[in-house]
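The following pair of complexes shares a single chain, chain A, combined with chain B in the former and chain C in the latter.
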Partner chain A sequence: MAEATHNVIIGNGSAGNGAAITLRERDPDSRITIITMSSLPFYNRYDLPRVFRGCHDWREILVHPPEYYDDNRITLRRNSRVIDVDGRSRTITFAHNEVMHYDQLLVCAGGRGYLPEELSDYYHLMHGFHSFESAMITHDALPQGGTLLMLGGDMIGLDLARTLIDVGYRVVLLANEYTFWPHRIEPEERDGFLAALERMGLEVVDGMHPVAIEEGAAGKPARRVLFDDGSDVDGDVVMPFYGLMPTAEFMLGSGVDIERGLLVNPQLQSTDPRIWAAGDVCQIWSEADKEYRFYYGWTNVRQMGEVAARNVTGASEDFKGVGDERLHVGKDGYIQSPFWEY
Partner chain B sequence: MVDRNGSTDIQFAIIGSAGDGTIAAGDILKRAMAGLGYKVIAFDIYPAEIRGFGKCISRVRVTTEQAYSLKRHSDVLVSLDDSYAIPHVGEVCDYGAVIYEASPIARLPEGAHITAHIRPTQLPYGLNQREISERATSAARSRNIVILGYLAGLYGIDPQAFRDVIAAKFERKAAIVTTSNTTAFDAAYEVGRTVFKLDQGSLGEPAPAKSGETATMMTGNGAIVRGCIDAGLDTFFGYPITPATTILERLAAELPRHGGRVLQTEDEISAISATIGAGYAGARAATATSGPGLALMAEMLGLGVMGEIPSVVFVSQRGGPSTGMPTKTEQSDLNMAVFGGAGDAQRIVLAPTNVDGCYRTAGKAFEMAEKYQTPVIVLLDLYLSNRYETVVPPAKNPFAPDLNKGLEAWRGDGDYQRYQQTEDHVSPRALPGEDGGMHTVTGLEHSELGKPSDLPENHMAMSAKRHEKLKAALTHPDFTICKRFGDEGPIDVGILGWGSTFGEILEAMFAAQAEGIRCSAMKVVMLSPLPEEQIAAFMDDCDAVLLPELNYEGQLANLISGALGRPLTRLNRATGAPMQVEEILAEVRRLARAKAA
Partner chain C sequence: MSERRNRERETAAPAAAAPEAGGVWYSDDPRDIGWVKENIPCQSACPAGTNIPGYIQAIMEKKYGQAYEINREANVLPGILGRICSRPCEEFCRHAQPGNGETVNICHLKRASSDLKHVGHRITESLYGPSGKRVAIVGAGPAGVAAAHDLSLLGHDVAIFERESDPGGMLRYGIPAFRLPRDILQVELHNALRLGVELRTGIEIGKGKGQLPLAKLRKDFDAVLLSTGSMASVNLPLKGGIGKDDPDSIDSVEYGLYFLMGLHRGEKKTVGKRVAVVGAGFTALDCARVAKRLGGTEVTIHIRTAEEYIPVTKDEIFECKREGIRIKGLRSPSQLVVDDDGRLRGIEFAQNRLGGWRDNGRRQAIPIEGSEFFEPCDTLLIAIGQRTVNDYLDVKLELDRWGSVKADENGQTSRKGIFAAGDYVTGPTTIIEAIGNGRRVAAGIDTWLMGRQRRRQVVRIEPVAEPLRERGFDFIERQHMPTAPLSERNKALTNEVETGYDEALAATESKRCYLCNLKYQIDIDNCIYCRACIEVAPKNCIKLVEGVEIRNDGTYGELLETKQWDEVGAIWIDNNECIRCGACFMVCPTRCISITRNEFVTQDI
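Moving on to the complex of A and B:
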């Protein structure tokens, strides 16, 4: 009896899980393995602000119960970091030195927070929001009613900000060109959107350039951000939100074309016919824009996973993307983004 | 693992290869936890083969309330060697933790790393065991200490308790050994303390010790040794055999300090012969062996019965027959202990059910051997011999120093009648060389004078004497021959048990009661003579009786059925592993359902 096709998915987010269940539906006999660096089964990172609403048990934000994986015969490899993919031998090497063979590979590794080079020395003084664990650590560091200094303010950060304000925290947004990422904001729109943020309760500091982060002095809040003009601002926690950069380093030796993310055609197939990609990790050729571009947001990402899985199993379907990606101000005067919808 | 009342029940399983320090890590863990005041039950499994590899498992159950057995599912599995740990990932409960080497050196084929086997309901914790060890000690051999530091940090356990045990463990080695291991422990403790905890990260507080009580960790064999010493054992003769060897080893180390002597004989026949010889000479004497050794001792035990000579034989059972499974547990030597040997050779057979019971039974065995002038066999098994439990030693020595019915009791006329028929069927016993006590001891049937006699009426009378005198053992002072636990009065399901299995039986009984099943359990410690009255009374109360035991034939079930002629349900397992609570509970449920139907 022929061995079952081994479909391996790197990434346990919306794209990876959307791909996995689609693969299972279309190819009941295949082996499906999801690889993730996380200790936890799939949870929706869009749900992470719930940590600040009292959701402190990771079981409460799981998209599926843990039994889901066994029920669908999906092997979940947690705490497993891929360090290399060899497209010729169709093997994956883990940081823990194990080597795994694949027949079809779907790279859904997502992206991680970008941090400008000039702030990298202060990484240890900042808090993250990329995982349940980091959200909990941030929660524990932020005293009730305390102040968050938000650097940049991409749409992930602003989603957190509106929750924090709603539950009684203070958010000081140090706005810059990354504010509202991944929306492309026209210069004439910017002030209106910043005003909407202030209506939402954020304190907006615009045009200041942070150059250093320090621990707060005794009796003062735990952190201090210094600006290039010599001024500063105090807060309990500093969090950078400068958008995402694709997590694709482990693909450098794979033989596929990479720019910032993995380059894929509209069917989400890379330059290696057995390697596909979906989600924040890939740049998709847009015939309309005549360029490879990223598509963000839960709806896009989930759809990418499903389209890629259908194409892996014989379909030939182009990824379309959600139609309207514009940031806008709602009737309540607050900003609204399609990237917040899921 | 910590319930709403703050009580703790957490079981650790450390699994590695021989040479990884697996058993040593489990030893430090259990001693540290016991030192903190927790109740501990622990059991180690190691390979039979004498060579430098093979699977080792140390399981340690830590509780604040009294527990009676290990659990089927561990809450934490620590892998020191994935190739051995992977088959055991399934024993980790839902939301239990699996701790493993995150950075193995060797290149691994697919599936050879434990992350491939951790289920989504389990919590993975990767730890750079080797790296932490090498950084702290310049060597990888302290990985077993590293995992202890990590566990202490992860579960908020006082690190000083571990440091103290580590220091004590290595006190005879160069100071650098303690220092480097403590350094490795501390480094890993910090990693465990700061790692993000996926589940409840701390244990409940142990119950405060009762005034004047100091708990200590002991194995079943260790408790036997302690009982022997407190009972005033004079001489011990032994020949090494798994799993009884540690009794010989520990007595060799300790008994001389208490004025006793230990001799390693050339074989088991010699050991029992010397033991009976010493008993004949008036010494408290014992030997220890396992099933194959007991088989060799059968003929001399017959001499002990016929000569009415006190002796104590500790038998730690293992998988049989023949060489069988030397490092696996079983309860299959009951038939041989009760019946083994030529003729009608009844002797006293006792089977403690836990470590504390091992201590009491060891001491009482000497009392009974002397008082009833007979060999006494104490049946242990590998699971009980090697199992660690926290016990509280008694404040004062509970054992009578001398129960010999001595020569001064001789009131008769004429020659000394060593085998005089008396009201309690126990004769005066002169020791060799005592003035006026000259007599013959022989394996031949004999008269009251000890002289050979095959007269029919004599053989009948002497057989009756040798059997009748043992009945008094059923009321031996300050000794539990059997005991009922659980619900009183009419019950749905009663569970009879003996030996180490009784811990699992108790746990199953409590679980059944929690499900609303009226359930009781009775442990039978004295297996010969059998406490028939008490067992019958217990069975009278039961709609159904279950008897779980670790043998294929149902040896105690056969014994009770033969004696009482009552129906009972057997649950026999001969897998080499302890009985599972869940297996017993499932059978209890089935019987309860059948009764309800």
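Moving on to the complex of A and C:
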């Protein structure tokens, strides 16, 4: 009897899980493995602000019950880091030196928060929000009613900000060109959107350039951000929200084309016909825009995973993306974004 | 008996006969020479053939002067290359192979050997007697300086003719001082040339008035070496529409090479607030970093392909970004956009897609029709490549299709007694390639002048009593190069960015090196096939083999592995997989595993 096709998915987020279940539906006999660096099964990253609403048990944010993977005959490899993919031998190498063979590979490794290189020296003084564990650490570091200094303010950060304000924290937004990422804001629209953020309760500091972060002095809040004009601002926690950058380093030797993310055609196939990509890790060719571009947000990402899986199993379907990508101000005077919809 | 068995029996004996009671011995056996070439990947990747494990071990032992001298045997400018080398060695470091972690910071350690050696360190030079031969070298760049050094050691009288006021070529006029401090440059150039090399600066070779014709040089000297580099910019092809073919004719548009050379000659250079740099090599990155220091607030490097494919080090890209410089990929400039007054407004680019691979290993980019877009800028610096210039030649030399002088492996051109080396022959490469090529051509000139080869490369083999590494060293993280704070960098163009390893960092990083020059070998006559070594090995490095292929050139080839005990001819350490942890040596109950240090040395013939 022929051995079952081994479909390997790197990444256990929305794209990876959307792909996995689609693969299972369309190819019941295939072998499916999901590899994730996380210690937890699939949870929705868009749900992480719930940590500040009292959700401190990881079980509460899981999308599927634990038996989901067994029920669907999906092997979930947690705490596993891929360090190399060889497209010629169709093998994956793990950090612990294991080598795994694949027939079709779906790269759904997502993105991680981008930290501008000029601030990299201060990484240890900042808090993250990329995982349940990091969200809990941030929660524990931020005293009730304390102040968050938010650098940049992409839509992931602003989603957290509205929760924090709602439950009684103070959020100071140090706005810059990354504010509202991934939305492309026209210069004439910017002030209006910043005003909407102020209506939502954020304190907006615009046009200041942070150059350093320090620990706060005794009796003062735990952090201090210094600006290039010599001024500063105090807060309990500093969090960078400068958008996402694709987690694609492990693919550098794979033979597929990469710019910032994996370059894929509208069917989400890379330059290696057995390697596909979906989610924040890929740049998709847009004939309309004549460029490789990213598509963000839960709806896009989920759809990408499903489209890629259908194409892996013989379809020839283009990813189209959600129609409306615009940021706008709602009737309540607050900003609304399709990025937040899921 | 199978052919494979015959091969195995052949390889059962050591490649070179060892002396009875230990001690050092020398081998010219192809198997030993091949072993060094294949098993020390960093050294093989170094165009100058630097004995990298040798100098890293010296650093580990805090013998910095010795480490510097080991470097200097292959590369006469270690303090300079320790700062600006393109580091082809690190790409091939065994520590960077999948599952082994990250490459050793070979280049940073090279710099450490220079920085940490004693003040007043005594340089070791092995001088030959005077030959009575005179050699003229045209161009005091890295290839010319390396060749001059070697030729002067070999006893020849050397004179360098340099058109600029100071020696160094691209080192002095192309690389900014924040990457290469001029005091380091000065000292190492002086050390390279002080063995009687006559340096004549401000002299231009050519056919014009006040210039010295090459034909005269050839008449006055026994040999002439041309090492004038690739000191002209490659033109940027642009669509018409601006009425001028030469971008230099527009204010605030300049070729990056001339921008840097002018700056380093002492000319005052200015840039606008928004600076665009087109290009993807070290020159492009240097232009961007200089522009940032000259007051550019939005400095962007525009590249045709993607960051992954550009021929600069990752550290350099990181420092660029850290200084606030952006890199934007997949775009080719199609035309300049100027206003009615002829001032630059910006650049029209076409979006690219990645194409195939070029012969030179670089990635192709293919502009997409109809994808043009506009990027505003105030200053444009173009650094898309460099080329050689031959218009100074008054002697007819055969050229290749790229316009470079044709030369054989010894540097001999089509005209007897005229040699060529470095970027002048190969086209633009890297400093270390130019040095390596300069040294090889110097050896070729020596052979030609003396009528015989005077030196040869052999393998020095020295028994080592026990492993020099601990397994724990394999888990040490890569030690990053300390750098100056951002606030200090923009204060002066001369403030060095990378501040160098101190002794503690150098010691820690040096431990990470596997010391691939150590050869672990099993004496199968004493092996009892207990498999203990296989059990403890952290890698798949000890193999049961039927035999080992011997290639036509006499070097070892493929291991013929087997899993059948009745076919096992030997138990063999695959030194390509081995990480020199020493675990096999420690566990062996019969002490049948030996360690030797195998390294290239040069011997007189």
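Criterion: the second predicted complex is superposed on the first by the 342 of 342 C-alpha atoms of A that agree within 3 Å, B and C clash if a C-alpha of one lies under 4 Å from a C-alpha of the other, contacts with A are read in each partner's own complex, and residues count from 1 in each chain.
Following the convention adopted for this analysis, contacts are C-beta pairs under 8 Å (C-beta built on N, C-alpha and C of every residue); 3 or more make two chains touch, one makes a residue touch a chain.
Keep in mind the model is a prediction, meaning the values are calculated, not measured.
**Student:** So in the superposed three-chain picture, is A:Lys290 touching just chain B, just chain C, both, or none of them (first/second/both/neither)?
**Tutor:** second
**Student:** Mind working out whether A:Ser39 is in touch with chain B, chain C, both or neither, as first, second, both or neither?
**Tutor:** The first partner, chain B, only.
**Student:** Looking at A:Asn97 after the superposition, I want to know if it touches chain B, chain C, both of them or none. Which is it: first, second, both, neither?
**Tutor:** both
**Student:** For A:Val322, is the partner it touches chain B (first), chain C (second), both, or none of the two (neither)?
**Tutor:** Neither chain B nor chain C is touched by A:Val322.
**Student:** Based on the superposed arrangement, let me know which partner A:Ala195 touches: chain B (first), chain C (second), both, or neither?
**Tutor:** neither
**Student:** Looking at the overlay, does A:Leu252 come into contact with chain B only (first), chain C only (second), both, or neither?
**Tutor:** Only chain C; A:Leu252 stays clear of chain B.
**Student:** Quick check for you: in the superposed arrangement, does A:Leu115 touch first (chain B), second (chain C), both or neither?
**Tutor:** Neither partner.
**Student:** Please work out whether A:Val211 is in contact with chain B alone, chain C alone, both, or neither, and reply first, second, both or neither.
**Tutor:** After superposing on A, A:Val211 lies in contact with chain C but is clear of chain B.
**Student:** Per the definitions at the top, what is the overlap between the chain A residues touching chain B and those touching chain C?
**Tutor:** Common to the two interfaces on chain A: residues 95, 97.
**Student:** Can you name the residues of chain A that touch chain C in the complex?
**Tutor:** 83-84, 93, 95, 97, 116-118, 120-121, 211, 252-253, 257-260, 263, 271, 285, 290-292
**Student:** Taking the complex as given, what residues does chain B use to touch chain A?
**Tutor:** 94, 101-113, 115-116, 118-121, 123-126, 196, 198
**Student:** Within their complex, state which residues of chain C touch chain A.
**Tutor:** Residue list for chain C touching chain A: 98-99, 306-308, 318, 321-324, 329-330, 351, 353-354, 368, 370-371, 485-487.
**Student:** Sort out for me which residues of chain A touch chain B in the complex.
**Tutor:** 39-41, 58, 66-70, 75-80, 94-101, 133, 136-137
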